[in-house]
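In what follows, subunit A forms one complex with subunit B and a second complex with subunit C.
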Partner chain A sequence: MAEVELRYFAAAAEAAGRDTERVETDAATVGALATLVAERYGPAMARIIEKGSLLSDGIVVRDTGRPLGARLDVLPPFTGG
Partner chain B sequence: MDLATSPRYARQRILPGFGTEGQRRLADARVVVIGAGGLGSAVLPALAAAGVGTLVVVDPDVVDETNLHRQTLHGPGDVGRAKVESAAERLAEIAPELRVVQVALVFDARSAAEIVAGADVLVDASDNAAARFAADDAATAAGIPLVWGSALRFSGQAGVVWGAHGVDYRDLFPEPTDDPDTCEVAGVLPTVCTTIGGLMATEVLKLLTGVGTPLVGSVIDVDALTGAMRRLDFARDPDRDTSGPPTRPAAPQAAPQAATPAPDADAGIEPDELAAVLRSDTPPLLLDVREPWEVEAAALPGATVIPLGELPARIAELDPGLPTVVYCHHGVRSARALDLLRQAGFADARHLRGGIDSWSRAVDPSVPRY
Partner chain C sequence: MTESRVFARVSDDPPDRAALEAFVTTDADGAVVVFEGVVRNHDHGASVRGLDYRAHPDAERFLAQTCAEVSADTGLRVAAWHRVGELAVGDVALVAVVAAPHRAEAFAACGRLVDRIKESTPIWKRQHLAEGTSEWLGL
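Here is the complex of A and B:
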């Protein structure tokens, strides 16, 4: 089990009902944890994860097979003005 | 009349590190702002009033009545007019000397190079991902920083990316995606635009004057519902392949030199390397380009002090044949000083990466950080 800090921004925070949380997880990869988060918070979060961006320890995730780090940021697309 | 010394700017000119030189840099600057909507309505008047010399305003849209609650550049009488036209009128009232270039075009890969040519800073205050990624490519091709912002519902974000300094927008979002959320369907609190636009204008002023540390590689996230601001830092994936096209357009031909050019990769020296060469038998000349009040706050022993604003007039006091290391607070002004030194024929000149602040952190904690 590893402890990971999750930070949710903008619409992701709305979907999660929180800005941040710490989770104990068996997930080994970024993708596995993202799937758990999407299942937990429902379709709005699933869409954000699909359309937005994940940063693992400050580095954008291009390969969801990347091993999980200490922190994962969930960002919706930054649009509107 | 020299506007740089006008009382109009007195309250910003007295700020540490700003001065008449900072004001002149604003007057000489050309800033391209994509979007004369909600964010543009905060960014453009702020830059005009602060004394930026040329603003290129890019927006293909006409004013719609639903824009007016947040797009305060435009009034009810402007509904149906081109946004660039109504924006230019309002900006001329704020700053009659300002040159406004109206570009009623979509900012995309085709139009980008010509619009961005000669700009010092690119600002993306648009509302869509297509413009954001086109702006990212154009800024990288031109070697200039991109200040970006977004606002939707009750929250917004702002930040700076600068490919020449190692991070672009694709290090935050790898690809544009079609997000169905727009202000039209999701709404936006007007003052989120004001807040984010204010952050964006601040970054432009910092980049142009060299004051402070720009938000390169960072995002400020604002949640209006709680009043909380959070900062997110990001970096380039060391494994990212940036070698090829497909997305980089050609650099604009004969683009004038940016006011804040990126130093070449080998022009920087790390604090620990500098400490080593200072201990060697042939130490370089240390040149401090900060303001006198900063030198009082913290300094490196033996440094020659010439504030950046005085350097062009006083460069003859220095010997171009000597190895020289220039430093400032965070490494922004020193990069500019380095350009001046190189133009003046200094063959062996480098600048301290991260400035005296990085020296305090990496080499000598007894040097105060300020």
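Here is the complex of A and C:
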């Protein structure tokens, strides 16, 4: 089991009802934890994760098989500009 | 380290357009292209009252990286400033500036810069509609 800090932004924070949380997980990869988050918070979060992106310890996740780090950020699709 | 060819900022303050123009422009430049992204009063047929922009704490680092990539690709000086917080119709949310010896390269580089900023900067907007509801965009 590893302890991971999850941070949620914008619509993801709304879907989770919180900005941040610490979880104990046996998920080995960022993808596995993202799937757990989607299941826990339901369709709105699942859609955000599907369309958005993840940052693992500040690095853009390009491969969801990446080993889980200490912090995972859930980012909805960017809409700046 | 060589002199920086990019300037990037994400802040609550209104973008300082003059400072960005001064940063990118050299005596060798004959063209300065400035893009301003402005809050408009409508979206998908609904009346818009304002936008609330939120940024990831690392947004400025990502914006700087995007500016650096466009600068490296084009060889030009590049600057961008994204404002966050509650903005009203008419407020400027984004200023992106590129200078070049000739206009064609400045227009092309600025267009590419804005596209890349929208794709890769972790910033989100919530739209407040005139009817009183609000919604996160992009979903």
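Quick note on the criterion: the second predicted complex is superposed on the first by the 79 of 81 C-alpha atoms of A that agree within 3 Å, B and C clash if a C-alpha of one lies under 4 Å from a C-alpha of the other, contacts with A are read in each partner's own complex, and residues count from 1 in each chain.
One rule holds in what follows: contacts are C-beta pairs under 8 Å (C-beta built on N, C-alpha and C of every residue); 3 or more make two chains touch, one makes a residue touch a chain.
Everything numeric here is computed off the predicted structure, so don't read it as measured data.
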Touched partner set for A:Y41, first subunit B, second subunit C, both or neither: neither
Which superposed partner A:F78 touches (first subunit B, second subunit C, both, neither): both
First (subunit B), second (subunit C), both or neither touched by A:G58: both
Contacts of A:A10 with subunit B and subunit C, given as first, second, both or neither: both
Touched partner set for A:D19, first subunit B, second subunit C, both or neither: first
Residue contacts on subunit A - larger count, subunit B or subunit C: B
Residues of subunit A at both interfaces, subunit B in one complex, subunit C in the other: 9-11, 14, 51, 55, 58, 73, 75-81
Residue numbers on subunit C that touch subunit A, as the complex places them: 37, 53-56, 58-59, 82, 93-94, 114, 117-126, 136-139
Subunit B residues touching subunit A - in the complex, by the definition given at the top: 35, 37-40, 125-129, 132, 148-153, 155-157, 170-174, 177-179, 181-183, 186, 188, 193, 196, 219, 221, 223, 228, 230, 232-237, 240
Of all residues in subunit A, those that touch subunit C in their complex: 9-11, 14, 47-48, 51, 55, 58, 73, 75-81
Residue ranges of subunit A in contact with subunit B within the complex: 7, 9-11, 13-14, 19, 51-53, 55, 58-60, 62, 73, 75-81
